[in-house]
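Structures incoming, each one as structure tokens.
Next come two complexes, and both contain subunit A; in the first it sits with subunit B, in the second with subunit C.
Then we have the complex of A and B:
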């Protein structure tokens, strides 16, 4: 999966192309709840996502490791990090999570990228008005 | 059973190492080929406020215009073609259009107009185009790329008439449009602006000082640091994500790459808007001057994000969005004039230059 081509000038110029080598994928997600006054802590949110993984993929799914890198309690927006091979599992379980404590809810996936850096510069967030 | 679930779309990361002193370094051309830059962010270690020469460059990024509901055929106006496009003075991009669902337009500084259209719009327009490289299976998106400086598109000619009629009468393509001009090109835009609803915008500069943060040990050979881990750390600093976790913590196990050190403070500055490659280039030159002086830390980093929904990324290469339309580069510069350039793209992009 990797290709590296090195030019002839030793020690000065080097070019390496890495294809599909990113160990992680990063997701920016937002939880939308029916009752907007509901508050969730970061621990609650992570526990909720683990519950979703468990109900879709069973105990093995619940063992999928992912990180909650950042969480904003006011906007219910979170940054998640997951091993690339677990992305589809995490994403699908987020999609199918439909209720939190007996109220309907939905996860909006705002951005997905193999680079955390890309999540900090999304031109779709440019507001000029 | 879940084997297919473990695959992800293609991603590319190009890592270049070279020196500013090497005559054959390609940095200038790589910077200039990314025409539509959305955000520039700079990280200066062991610095609490930007020196005046850097501050001056950050505040002198060119302003740009937002034109609301611009009929795209206005870009082919004879006067505008002659005074702006043929002189290579303007570039522009449709605003709030999503390339995975809407029609998108880009006007490059070399006079190429690139339209990324859905199938119906493409057939209505009736101008030669190509099937998008990234939607071959669904046949749902087409790319029309025309060189407005070419003699076949001279005002009055048949090719010109066909394109104008297509845009004005058949497709009636209107979109909010961001337009920027090179220094000295402002006057030539006035005639176009007078016919439209427009506003002028200055790039937004934000800066904040970070204190007591972990930092990977960065040396100019960069042997110790994996590029993905380095970009993750830069992203964590930019997104204000904490790296102070232990491997056993429930919420996050993100840590700073080893070997690491601590920085007592760092300055992070970002500029957002439609930014020209020339402005980015000036900033790089000033950061080099900054690094020439003796400092505690001998590096500085600069990250430039391209527009996600631009029909083109580097050069005139087609660009699209599958899961994310990232097209960015991150430049790590050192005191000894060496630099490391990381260029990253998502699935719907060709390999960066």
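Then we have the complex of A and C:
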């Protein structure tokens, strides 16, 4: 917004709306497996997600670029970065992924945000005392 | 914005599995779920309509919904799979035990009847086979006017890829007729891992041809209107509701009308608005 100057002009307001200003969206996802002792490496996880994209959207969908920024092997929690344009595709393929190596699985999407900083905390787990 | 609901959790006789299913739904953020009893009448022999197990018997303590700090609400729902018009009995007393009533018509004629005449809340769209008929605009509009909603369930799409194709194809074909109005998305999950969170389903709705807004309404406010529609079914035109009170505690009231049945007899609403 432009600041109203000190002159005697009436203040001029300009509304600035940024639509999809951020090029990326960040997703925090957690993989839940039927057999909780199964371990996945980061490479396995990315390969698994690409398989899901490919089964839902074909080769064109598998060409969608996304990055696995961070991955915690113990809790199977990952941070994904995807172009905002590809968010719906990636998200829906994660939703429809139902089995990993013949065992049922589910991706729980914990948080989605255009800002990486927003994923540092989760307001839903906030305990207000 | 109204709360999230998942109006289709498959009933299983296993209590522990049903319990984990409800707990998972609560953890994902659903404030209301409905346990679905499927009734599929066969042509030859007469079958019993299932009676709902009271929620108190199923689960001792209702889990708290994530982020809302109040226990989840659990409803009972009956789905009648119809292949003949005699399968749905409009005034059956057994239907009254259920909070929600839905039908799954398998022919075009029955679909038309379900949309225009039958006093139901939900019409299920088949997702496991290629659509046996085309959704015509007239019955779909009639259903929308009456407040009946269409349900697309997504767990078949998670289970295997052929059904995923049918789910998406049937859903898109429905959206072409109803333009995203009066659609709910529900899980029909049997296992906890087949459930998805409300925002995941909203995103999935975009894939089914819903707009952003309609997709969100499909898991929240449309579901709420279904539950309210179901309540009007039990009352006289949605205005007067009768219930049995204990005879001693309400002695100051006037004498109740002679009522021998166990369920209060409700006056039925006029249905033929569209005729």
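Heads up, the rule we're going with is that the second predicted complex is superposed on the first by the 107 of 129 C-alpha atoms of A that agree within 3 Å, B and C clash if a C-alpha of one lies under 4 Å from a C-alpha of the other, contacts with A are read in each partner's own complex, and residues count from 1 in each chain.
Heads up, the rule we're going with is that a contact is a pair of C-beta atoms (placed from the backbone, for glycine too) under 8 Å apart; a residue touches a chain by one contact, two chains touch by 3 or more.
Not measured: the values here are computed from a predicted model.
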Partner chain in contact with A:49 - subunit B first, subunit C second, else both or neither: neither
Partner chain(s) touched by A:82 [first = subunit B, second = subunit C, both, neither]: neither
Which of subunit B and subunit C A:70 touches, first, second, both or neither: first
Touching partner for A:32 - first (subunit B), second (subunit C), both, neither: second
First, second, both or neither for A:98, with subunit B first and subunit C second: second
Touching partner for A:124 - first (subunit B), second (subunit C), both, neither: both
First, second, both or neither for A:40, with subunit B first and subunit C second: neither
If touched residues of subunit A are counted for subunit B and for subunit C, the larger one: B
Touching partner for A:112 - first (subunit B), second (subunit C), both, neither: both
Contact residues common to both interfaces of subunit A (with subunit B and with subunit C): 88, 92, 112, 124
Touching residues (chain side subunit B, partner subunit A) in the complex: 2, 5-8, 10-19, 22, 24-25, 38-39, 41, 66, 95, 98, 199, 201, 227-228, 231-232, 234-236, 238-242, 250-254, 272-273, 303, 305-309, 323-324, 326, 328, 330, 344, 346, 351
Sites on subunit A touched by subunit B in the complex: 9, 12-26, 42-43, 46, 57, 65, 67-70, 79, 81, 84-89, 92, 111-124, 126, 128
For the subunit C and subunit A complex, residues of the former touching the latter: 28, 66-67, 157-159, 161, 164, 191, 193-197, 199-201, 203-204, 206-207
Complex contacts: residues of subunit A adjacent to subunit C: 32, 34, 55-56, 88, 91-92, 94-98, 104-106, 108-109, 112, 124
